[in-house]
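Below are structures written as C-alpha cells.
Common to both upcoming complexes is subunit A, partnered first by subunit B, then by subunit C.
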Partner chain A sequence: MGTKRTIELEVATSGVDAQGKATRVPLGVADQTGVGILTDREEPALGGDHMLVNIGPQHPATHGVLRLVVELDGEVVVRVIPHIGYLHSGFEKLGEYRYYNQIVPLTDRMDYLAPMSNNVCLALAVEKLMGIEITERCKVLRVIACELSRIISHLVWLGTTSIDLGAFTPFLWCFQERERVYNLQEMWTGARLTTSLTRVGGLMADIPDGFTEGVREFCATLPKTMDETDRLLTRNGIWCARMQDIGILTAEEAINYSLSGPMLRASGVPYDVRKDRPYLDYETYDFEVPIGEKGDVYDRYLCRFEEMRQSVRILQQALDRLPDGPINVDDSRVSLPPKSEAMNDMEAMIFHFKQVMEGIEAPVGEAYMPIEGPKGELGYYFVSDGTAKPVRFRVRPPAFINLAALPKMAEGHLLSDLIAINASVDIVMGEVDR
Partner chain B sequence: MNPTVQALRNKFQGAIGRAAVSCGDTIVYVKAANLSEVMVFLKEGPDQEYNYLVDITAVEYRDPERPLEMVYELFSLARRAQLRVKVELDKSEELVVDSLVPLWNGANWLEREVYDMFGVRFAGHPDLRRILMWETYAEGHPLRKDFPLRGRFSRAEQVRQALNANPEAHYSMEEISIAEAYHEIPAEMRERLARGERGKIAEPENS
Partner chain C sequence: MTPELKGFVLLSLIKIVVVFSVMMVGVMMVIWMERRVSAWKQDRLGPNRVGPQGLLQSVADGIKNFAKEDVIPEQANKLLFVVAPALSFIPAMLTFAVIPVAAPLPVDFDFTVPILGQFVHSGPMPMMIADLPIGMLFIVAVGSLSVYGIVLAGWSSANKYSLLGGLRASAQMVSYEVALGFSFVGVLMLAGNVTLPEIVAHQQDSVWFVFALTLGFILFFVSNLAETNRLPFDLPETESELVTGFHTEYSSMKFAMFFMAEYTHIITGSALVATLFLGGWDIPFTSWDSGDPTVLKSLLTLAFFAMKTLFFIYVFIWIRWTLPRFRFDQLMQLGWKFMLPVLLAYILILGATVLVLDSIGWSSGLPYGAALFVMNAVLVYIVFFILDNNRLLLGRTHRKVGT
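Then we have the complex of A and B:
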C-alpha cells in the first residue's frame, strides 16, 4: 500500500531581472496551495508492479509506423513486443499479378530510402532466372546506383539516429548531402524517390550529360562533411555514453538471429554479400569491409560510417572504369527496341508490341538473388512456371529480419536505450511490412 | 550439384526426395517428418556448417494439384556454400511442419510470416501469431492462390469492421495481463478475454 511521506522539492523557473542578472522564482508562489513545492499526499506504491508502455505506431523515434509494447520495471525494459504490419501493402501478392518489368515500381516503395538498390536487385534476380548476361556499361552503372543508394540510406540513418539521441546538427548536414544525391537521381531517372531505374536486361535510361561530373563532385565533397560529422560525434561524450555497451549481440547470437549487413558485421562476422557472393563484378573493386569488435550500438555506428567512406571509393573506381557501349542487352525478346526503330521497322514494332502487351516469358525454374543492400542482405526470390508473371515473388527483407532481434537486444536496458537500439537496427517500415 | 545432397542421401536415405539445380542453386526435397533432424545435420554436421539461415518462405503453385512447398534457404558462412531445402505439404491434409526456432532464433518471425500469409502451422513454435496482418484478421491467408487480389470482404465490409473494431483488440491478452489495468477491467470483460473472444466484432447497434 501507499506510504505517506513529505517531499521537498526545489522547483524554480529561471529568468533575468531588470539589471540582466539571473533570478530564480520559485514555482507556485502565486498559488499558495503550493504545486510541487510541498506535497503531503498519498503516493501510489509502484514498486514491484510492472508498467506497460505503448510506443508508436505514430512516434518519431520508431522510424515509421512501428509499434512497440514495452513492459517496464521502473525504467528498465523487461520485455519488448513489437507489432508490425501497419504499412503492409501486399507487394508479394501484387507481384504475382504483374509482368516482371511491372514489378520494378513496387520495389521503389519497399526500401524507399534506397530505391535504386532495390531496383537493381530485382533486375538481377529476373536476369538470373532468365539467364540474361547484361552489358559491361550496365554493370558499372548499376554499381554506381547501388553505392549511391547505400550512401543516402546511411546518411538518413545517421541523421535520424543523431536526432533520436539529441544531436540536431548532423541531421541537417546529412540531409543536405542526401539532397545532392536526390538531385543526381532526378537527373538520371526523372524522379527523386520512386526511381524505377532498372529494366530486365538493362536500365530505363543511360546517364545524362554532366552526371559523372556530378557524382565526382559529390565524391570529392562528401568526405569533408563526413569528417566534420566524425569530429562532432565519434568522440562526443554524450554520443559515446548513449551508444557504447548498449544492445550488445555476440557473433553467435547475430548469426543465430540471421542478421545481415552492418548489424551482423558490427558483431564481428565479416559477411558481406559483395565479397562472399559477388555480383556485378564487385570482386574486381578495391574496398574494405569494416567489422566491429563488441557488437554494440556504437560499433554499428562506426561500421556504417566507414561503409560510406568505402562506398565513395567504389564510386570513384566505377567512374574511372565506366566503359562506353549499350546499356541494354541486344535481344529484342527482353529489351524494348529504340523508339525510332519501333516506329519505322515492322519487326521492331512487333517486338515492342509483344513485350508491352504480353510481357517477357521466363523459363520454368526459380532463382534467389541476394545483394548487399544498405540494410543488409536484400534478396529477391522468383518462382516461374513459364508464363510472363511469376508464381511467387518473395523479398528477403533485411530490415524485417534485423528487427526481430530487437526484443533480445533491448531487454535489461533502460527505456531511453531502447530508442538508441531501435535506431541502430536501421529499419524502414516500407520494407519491414511490404 | 552441391555435394551436400549426396551426403544427405547417404545419411537419411529415404527421407531425401529428388534434387535439382535451378539457375545455379541446388534444391533438395526433404520429407516433412524428417525436417528437424536434417536441419540439425545441415547446421552442425561435419563438413556441412550451414549455420546461416537466409530465408524461410513458402510457394503455392497455380496448378491446384501441386503441393504447397516450404522453402528454406541456407548458407554456410565458413564454406560460402548455398543450399535450398524444400518440404512438400499436401494441401488436402493439415499444413503443419516442424518449427526451426529451436535451431535458429531468426526463424521466429519468418515462420510467423509464413503462417500469416499461407496458413502453415509450425509445430513447436513458441509464439505462432499473425505478424503482418492484425490478429483478428478474418479473411484468411493472403498469399494463397484461392485468395482474391482485392481480399475476400467487400470494401464496405472492411470499413464496417474497421469502424466497429474493439479497441481492446489492440493489446494481446499477454500484454493486458502485464498492465496494472488488468485488475481494473470489468470482470465480465476479463472473462471474455480469457475465453479468447477477444476482438469479436460487435454488430452495429442500428442493424
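Then we have the complex of A and C:
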C-alpha cells in the first residue's frame, strides 16, 4: 500500500528566506519520512493521494488569465492557491512618468469591462488633489458614465456566471444589451472599449446629438432583458441549488478581508461609497442599496441584479436633470481652450501649448479618491511633489482585494462550486494584475 | 441457405444500409437544427451561409474535421484512446436496430441471381432492422455499453480534466441506468411484452402510455437526458469546469465521433420515447393504420413517427439551451434519493392499480386509460408539488434582497 506522499511542486511562494530564495510550500500531506521528497515510487493506493489540478491561466472559467492551483480530494477542494500576474502591465509605475491627463488611457485598460468609471475615478482624484470644482453638467454626465459602466460590468458578470453554471442563453441576451451601451460609448467617445472619457476638470467631449435618447431607449430595453433573465434563472431549482449556501462569508469575515462592493453588501454590510462618502452629488439621487442576508453566491447574484435596476433609476434621474452649460471648468490652465480659439487667439494658443507640452501642475500633497466602481470601492491615490507628474500613483483595485477571499470561500466545497464562487467574485484580470 | 433465408438476409442488409445512411444524415440535420434553434432562442442567426439556410454547415464541418491533424497525446494509452470514440458511437447506433419506425411494409419478391441463387420473400416486412424477442432488454444492455467509450476516453487521455470527466460519466451513467431501467417497467407491465412492436400495438389498442404512465414518462425522459450526457446533466463535459472533460484531448475525426455519438443518442433517445410513450408509428384517432399492410400506410406512419421523434429532439434542444447544469452530488441525489424511490413506489402503486382494474374487468380501452391517467395525475401532483416541496419546479427557497 502506498504511503501518503508529498508532492513537491513550486506552487506557492509564501515568502523569501534569509538568503533571498523563495520559500516553497509543498502541497499534499507530508508523511514522517520527509517533506518535499518523493520517498517511494510505488503506485499510490486508491483514495490515498490528493490530486493537483491546474486551472488556468487559459481556462474557460477563470475570466481572464487567473491561474488557480487546486488540490483535490476526489472532487472536494482541499486547497486553492490563486496565482496572479499574467496580465501585469505596470500601470502604476507607468503613471509616474506621465502627465495626469496621459494617465487616462491607462485606466481604460485596468477594468476594461467598465472603463468609464475608471476614467471618472482618475479625474476625480486629480481634481481632489488640485482642488478643482467641476461644472454641474460634467457631474451629471459623469454619473451617467459611471452607471452605464456599472450596468455593462454587471451584464458581463451575469452572462459569464450563467455560462459557468451551464446556462448559455442568458449570456447572449446580456451581451446584446451590453452592445447597446457600447454603441453609446462609441457615439460619445469614438471608442467602444478604451473610452478615455475624462480629462482633468471635465470631459474629452460633450455628448453628441441623440445620446440622451439612446440612453433612454437603453433604460427601456434593459429592464425587459433583465426580466427575461430573471424568469429564466432566479427561481430555477438548479440555479438555486448551485448557488445557495455556497461560498458563505459572514459580515465579519467580509470586513476582515476588506471586501467591498456587492461582495461586501451580499454579506449584509450596507456600505456603498455612493451613500456613505458621496461624490458627484450622489446624495441627491434617489436609489437604494441592496443588501444580502447570508453572504452566499446567490445573495451576490441577487445584489448585482438589483443594482442594475437601481442604476437604471439613477440613469433616468440623471437624464431628467441634465443641465445645459459647459462641461469643462473655465480655467485655461486646466482645460484646453477650444481649438478655434487656440488657432486665432494668442493667449489661448499659449495655454494650449503649455498644457500639451508641460502638463498641468498639481500642488504638493496627496489625495485618495474612492468611488463605488462596479466591483467595489475603486480608489485612486496620488502623491504630488508640485510637478505635472505624480511621484506616486496607486490604485485600490476592488477585484484584487475581493479575489483574496476566494480560498477562504472555496475550500471544502466541490470543484463545481469553486467555479461558481470564482464567478461570484467578479474579477477582471486587468485590474487585479494592473 | 434456403431462398427464404437469403431473401431475409438481403432485406436486412438493405435495411441496415438505409437506416445507417438516414441516421448519418439525421445526425447532420440535428446538429444543424440545434444550432439554428439555439440561435433563435438567443436572438442570433446561426449558421446560414453554407447551402440553403446553412443546411450544409455540418458537411463543411465534417470536411474540416477530416482535414485536421489527428493528435494523440504522448502519455495516452494509444489503443484505448483510438478505440474509445468508436465504443461510444456504436452503442448509440445499435439501439436503433430494434425500434419499429413504421407499419409493416408488404414486400413480395421471388427472383434468381446467377451464382447466388434464388431469393424469396413474401408477406409484411417489419420496418425495423431486427425484430428481437428481447426488445427493450436489448436496448438497456446496449445502452449501458456506451459508458465504456466515455470512461476509457477519459482515462486513456492521461489528462486530469479528462479523468475527472470520465469518472463523473461512469458514476452518472451507472446511476441513471438504474433509473432508466425502472422507469419503463410500467410500460412492460401494461404491454405485457418486451418487444417494441407489441408495445406499439398495445398502445394502439388502448391509449398512448404518455397518458397511462405520465409519471413514468417524465422520469424516463429525465433519465434519457442523463444518458445522453446533455445539459442539465452534461457533467462529464462541463465546458466551464473540466474544459469539455472526457474529450479534451481529442481532435479531428475522433472528436467528431464523440460529437456524432451524442447526436445519435439524441435521435435514438427521442425515437425510443416516441415509441414507448407516444404510440410509436401510431396515427392518433384512427384504427386505419393497424389493418392490412399497404405501402401508403407504411409511408404515412413513418411520417408520424418522424414527427414524434422530431418533437422530442426539439425538446432535447430546448432543455439544453434553457437550463443551467447540476452539480455532481446533486445529480447523484436526484438519481438515487429521488428518482429511484419514487420509481419503486410507482411500480408498486401501478401494479396495485392494474390489479384492481383487472378485477373489475377493465383491461383496455378508454375507461381503463382514463383511470390510469387520473391515478398518474394524482401521483405527479404528489411527487412534484408535495414530496419535492417545490424545489425543482419553483426554486428551492427563493429569496429577495433587502435594502
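One rule holds for everything that comes next: the second predicted complex is superposed on the first by the 390 of 434 C-alpha atoms of A that agree within 3 Å, B and C clash if a C-alpha of one lies under 4 Å from a C-alpha of the other, contacts with A are read in each partner's own complex, and residues count from 1 in each chain.
Throughout what follows, a residue touches a chain if its C-beta (ideal position, glycine included) is under 8 Å from a C-beta of that chain, and two chains touch if they have at least 3 such contacts.
Worth saying up front: this structure is predicted, and the values here are computed from it rather than measured.
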(request) Quick one: on subunit A, after the overlay, do subunit B and subunit C clash, or do they fit? Just give me the call. (result) fit
(message) Contacts for A:D417 in the overlay, against subunit B (first) and subunit C (second): which applies, first, second, both or neither?
(response) second
(request) Based on the superposed arrangement, let me know which partner A:L172 touches: subunit B (first), subunit C (second), both, or neither? (result) second
(request) Would you sort A:D385 into first (subunit B), second (subunit C), both or neither based on which partner it touches? (result) first
(message) Under the stated touch criterion, which partner chain does A:I255 make contact with: subunit B (first), subunit C (second), both, or neither?
(response) first
(request) Applying the touch criterion given at the start, work out whether A:I144 contacts subunit B, subunit C, both or neither, answering first, second, both or neither. (result) neither
(request) Identify the partner contact of A:L94: answer first if only subunit B is touched, second if only subunit C is, both if each is, neither if none is. (result) first
(request) Scan A:M51 for contacts with subunit B and subunit C and give back first, second, both or neither. (result) both
(message) I want to verify one number: the closest Cα approach of subunit B to subunit C after the superposition, in Å.
(response) 12
(message) Per the definitions at the top, what is the overlap between the subunit A residues touching subunit B and those touching subunit C?
(response) 51
(request) Report the residues of subunit A in contact with subunit C in the complex, numbered from low to high. (result) 51, 53, 59-61, 75, 162-169, 172-173, 176, 232-242, 244, 266, 288-293, 298-299, 302-303, 306, 414-417, 419
(message) Help me check something: in the complex, which residues belonging to subunit C touch subunit A?
(response) 38, 41-44, 160-161, 164, 231-232, 234, 238-241, 243, 321-330, 391-403
(request) Show which residues of subunit B lie in contact with subunit A when the two form their complex. (result) 22-25, 27, 51-55, 57, 59-63, 71, 73, 77, 80, 82, 84, 104-110, 113, 117, 130-134, 142-143, 147, 149, 171-172, 174-175, 178-181
(message) For a test of understanding, state which residues of subunit A touch subunit B in their complex under the given definition.
(response) 49-52, 69, 71, 79, 81, 84-85, 88, 90, 92-94, 97, 128-129, 131, 253, 255-259, 269, 271, 276-277, 365-368, 370, 377, 379, 381, 383, 385, 391-392, 394, 396, 400-401, 403-405, 408, 433-434
